[in-house]
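Taking it in order: structure first as structure tokens, then the write-up.
Each chain carries a letter (A, B, C and D) given by its place in the written order, and its residues are counted from 1.
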Amino acid sequence: MHLGIVGLGKMGGNMRDRLRAKGHQVTGYDQDPALTDVDSIGALVSALDGDRRIVWVMVPAGDITESVIAELADALGEGDVIIDGGNSKYTDDLRRVDALATRGIGYVDAGVSGGIWGETNGYGLMVGGPDDTIEYLMPIFDALRPDGPRHEGFVHAGPVGAGHYAKMVHNGIEYGVMQAYAEGYEILAARDDLISDVGAVFEAWQRGTVVRSWLLELLVKALNEDPDLDDIRGYVADSGEGRWTVEEAVQRAVPAPVISAALFARFDSRQEDSPAMKAVAALRNQFGGHATKASADG
Amino acid sequence: MHLGIVGLGKMGGNMRDRLRAKGHQVTGYDQDPALTDVDSIGALVSALDGDRRIVWVMVPAGDITESVIAELADALGEGDVIIDGGNSKYTDDLRRVDALATRGIGYVDAGVSGGIWGETNGYGLMVGGPDDTIEYLMPIFDALRPDGPRHEGFVHAGPVGAGHYAKMVHNGIEYGVMQAYAEGYEILAARDDLISDVGAVFEAWQRGTVVRSWLLELLVKALNEDPDLDDIRGYVADSGEGRWTVEEAVQRAVPAPVISAALFARFDSRQEDSPAMKAVAALRNQFGGHATKASADG
Amino acid sequence: MHLGIVGLGKMGGNMRDRLRAKGHQVTGYDQDPALTDVDSIGALVSALDGDRRIVWVMVPAGDITESVIAELADALGEGDVIIDGGNSKYTDDLRRVDALATRGIGYVDAGVSGGIWGETNGYGLMVGGPDDTIEYLMPIFDALRPDGPRHEGFVHAGPVGAGHYAKMVHNGIEYGVMQAYAEGYEILAARDDLISDVGAVFEAWQRGTVVRSWLLELLVKALNEDPDLDDIRGYVADSGEGRWTVEEAVQRAVPAPVISAALFARFDSRQEDSPAMKAVAALRNQFGGHATKASADG
Amino acid sequence: MHLGIVGLGKMGGNMRDRLRAKGHQVTGYDQDPALTDVDSIGALVSALDGDRRIVWVMVPAGDITESVIAELADALGEGDVIIDGGNSKYTDDLRRVDALATRGIGYVDAGVSGGIWGETNGYGLMVGGPDDTIEYLMPIFDALRPDGPRHEGFVHAGPVGAGHYAKMVHNGIEYGVMQAYAEGYEILAARDDLISDVGAVFEAWQRGTVVRSWLLELLVKALNEDPDLDDIRGYVADSGEGRWTVEEAVQRAVPAPVISAALFARFDSRQEDSPAMKAVAALRNQFGGHATKASADG
């Protein structure tokens, strides 16, 4: 198939390469002249042949995705399909699909997991959309997803929105799993009188144990490169899905103590000083007088 | 009554003053010559008259309390009573009472709340020990506790250990309550576009609202003195009881998400950098490549 | 002043009584013929005299509030003022104020705390709106708020939305504070071998201690009425503000572990069985075989 | 080598089989006549030949392990080695090693992960003890651990205690990871209007995604067997290590919000009714009157 991709960064660029290696024709557009195949989104659409043009959007979620989709909506028409492969909020999908439908343009949301490893390993895909559109796009999904049984690396999760919803929850889980390893790391590292090499412990968990996972393997790699993580600051961004997962849990009355704790730990990690803890310190000063820090609790 | 006090710091010294103001005779010992009434613990014991000498120990929990009680055990005898008013762990009480009983020395544990305000307001008291000993000591407890109905500021919570156990839980609750106000403070302060004066909001909660409390009043005082808490660092110590409360909850299979979250927030507040969050950051680097911070989640 | 109230339930009815007792003229409307003064909202508006008619809306947040305000918007006009005293989300205020402004109708949001005790104690009030409108309404606020200094029971928190925002945070804090006491209760009750009377411990915390508060007094009352809480099921509803507080924290990147834990505990309390814990149980079955429950962890 | 095993249940029995399959001679003792090779621990020790007898203890942690080790201590002597492969607390190891050393008996603690899958996949091993003893036992560890590079399934984590400490943290992490998946499961399942098949989503995460892991594969198996988990109750035991991990975190001032939340969720899952939530419900009744559940928050 001939596919257009908008956004050729670390994700989009690698996906272009993987698709081409699997025999698809890809025309890519990126603002960066060093990356792009064509000069504009208009040129991208013109380059696409066939009666159902397909454009995969792989740009940062939010305003950029919105403006790219708006521009594509003007350039595409009846029967064409836009796939949003970025980390959009599923409620944005629900809004977009209706707007595009008035022009006869199909819309599919695709949650894509795998990071920089996807080009080699394939990308875990969760997609949402109508059966026939997904069917039509399967050759592309099959090229992008990992080798092996299709259902182990790809899911048609439901109607539009389901792909990003599943990806949102995937990332919420990811936050919790990472934080679990991280807390374990700190508890091990706190006992350097007993545990002679924390990295070796994680390394030994890669086979046979209950906690073996791909994230564990990545942590082993990280600890091999920098055994005490001296070169890394404990400052962790968050990219939206974790927050949405907690919001969704709150709105559905689902208890999510682990995922929310992982999210809050990231918020904490980015604060120079915590207003809340200033308030607690102020309170202790009030009831303890100008007491030493150790003796103020009431 | 004539009472001995060992430890005349902010707590013990104020208690001496309150007891004297209420008509009791008090002899105090402190290492600090400026504070002490006598030269040694031995001299303190000698100064006490009557057939049942009473010594209130008001020194930091841990080694100091242990050594003071050991010294008192040697100096006191049959019928005398030691009261530990510090923040000892209740399991230490259970150990001590047996050791002292072999010498005929009585032992009572007293949890004391109220901080520097206790001299004026009276101290909230939770005590553990045998009925007859508590009965004997009631004039002292009545002098120390707040004015008003006895049962609103004093409780004989059970046998030895019960006083410190109740105080432990009191402080665990205190951690949770403080953290609740503190989180609310931060959420209000995050919206300075909407909330014109955060301190004024807390001030207005002092009457009529569901969240009115003494801690709220202290927070109002703190915010009046330093409206943005600019002069206070968000660094919060913990003094044992919060940890023990969580440990006790864990051992009794009691879910304690709020008290433990408040404790962990204090631990967090004291870390220059978090080993756990270094591990999370390292993981994100691994799967996101040298991605920008905002785009690495998987 | 002459004020209209829509909604004469436990809150609105008591407020009518308090306002009348303080010398104001009040006309109330309620669907319930036994409670209402007039037959319809239209009749209520007609009954109000003066050039600036004031109507206080005290109905459940959500659809009912929306429809009442819509009906009032049609009946009122230039210079009139609607006060929403229910637990609306502050973002609803931001939407409404603009819609009403096109008709020249003023809008004020009022967070009201105090429950059934408000009629006697006065209501804690947090209001949002323009200075001149708040100024105009002060006689009403002064009648409703607790006696004592105005700023200890009333705050003009900022522009429209600020009142409900402050109330939202108030309730978020309330969730955390209640949960802190509740966890402490359970930890005390778990040791009935040591603590002879849990209720007596809470009772003794009412004077002198750091954790004394109005909520503590309510818990003492509850434990006096039902010492082991045998007649109460651990099923706890939530009414919106707790969820919004957590959502707001998430959106502002404010760590809120305590308030969210308190919210999740309520969610938990309402589940017959937990889908999440079914998943954990299923996982343990998988790696432990048909192991006994005690031996399955990996 | 010739090895004795005490305890031939699901773990010990499978280990005997794996060791024999790998060419070792094993004599096993179990209370159950259907499982045991010999009649008593004494007979087991007698059956072992060589100058350094080795006995692997694989019985439930706690009293049973203590009594088995005590009996072995009497039967063994200078140069012999006891390995505790159960889930003992690391502090028990520190105590035992000294007691056994007075008799010249060596002691090694071995954390063993892998559950019923270990016989086929090999067991993840974390061991603590002196270099020369570990060296001597390596043929046994090599037979038990998974095939592949030794350091990916085995670690000599440090001196005695380090093996069980590492296993304790392993299980603490496991609790957190399981809970993260479980919360994600519940959030997905809450949207059956959008997600057509939750099991298919988990299935699709097995390749390419960031959250792929062995536990994920087990959850896929569980959901294939029982798609809505209808046959499983959300009742989850805990076996000690999770509690110890939280206690250790508390004692070392390490924030562990995720691991503790996972532990508390298990506690919750086992409560018929929650005393804490009864207290919250009682409080709401107090300030809300006999209000409907939905309207009581203050």
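Annotations for the structure displayed:
Methods note: a residue touches a chain if its C-beta (ideal position, glycine included) is under 8 Å from a C-beta of that chain, and two chains touch if they have at least 3 such contacts.
Just so you know, these numbers come straight off a predicted model, no measurement behind them.
For chain B, the chain whose average C-alpha position is most distant is A.
A count of C-beta contacts for the chain pairs A-B and B-D puts A-B on top.
With centres defined as mean CA coordinates, chain C is found 32 Å away from chain B.
Taking the mean of the C-alpha atoms as each chain's centre, chain A and chain B sit 45 Å apart.
Mean C-alpha positions place chain B and chain D at a centre distance of 37 Å. Shared interface positions of chain C, defined as residues touching 2 or more other chains, are 113-115, 170-171, 174-175, 179, 181, 183, 186, 190, 209-211, 215, 238, 254-257, 261, 264-265, 268, 274, 276, 287, 298.
Chain D contributes residues 209-211, 238, 243, 246-247, 250-251, 253-257, 260-261, 263-265, 267-268, 270-271, 274, 276, 287, 298 to its touches with chain B in the complex. Interface residues of chain A facing chain B in the complex, by the touch rule stated above, are 9-10, 60, 87, 113-117, 170-171, 174-175, 178-179, 181-183, 185-186, 189-190, 215, 218-219, 221-223, 226, 229, 232-239, 241-242, 257, 261, 265-266, 268-269, 273-289, 291, 293-298. By the touch rule above, chain A contacts chain D in their complex via residues 90, 113-115, 118, 121-126, 128, 145-146, 148, 151-155, 157-159, 161-162, 165-166, 169-177, 179-181, 183-184, 186-188, 190-191, 194-197, 200-201, 203-216, 245, 248-249, 252, 254-259, 261-262, 264-265.
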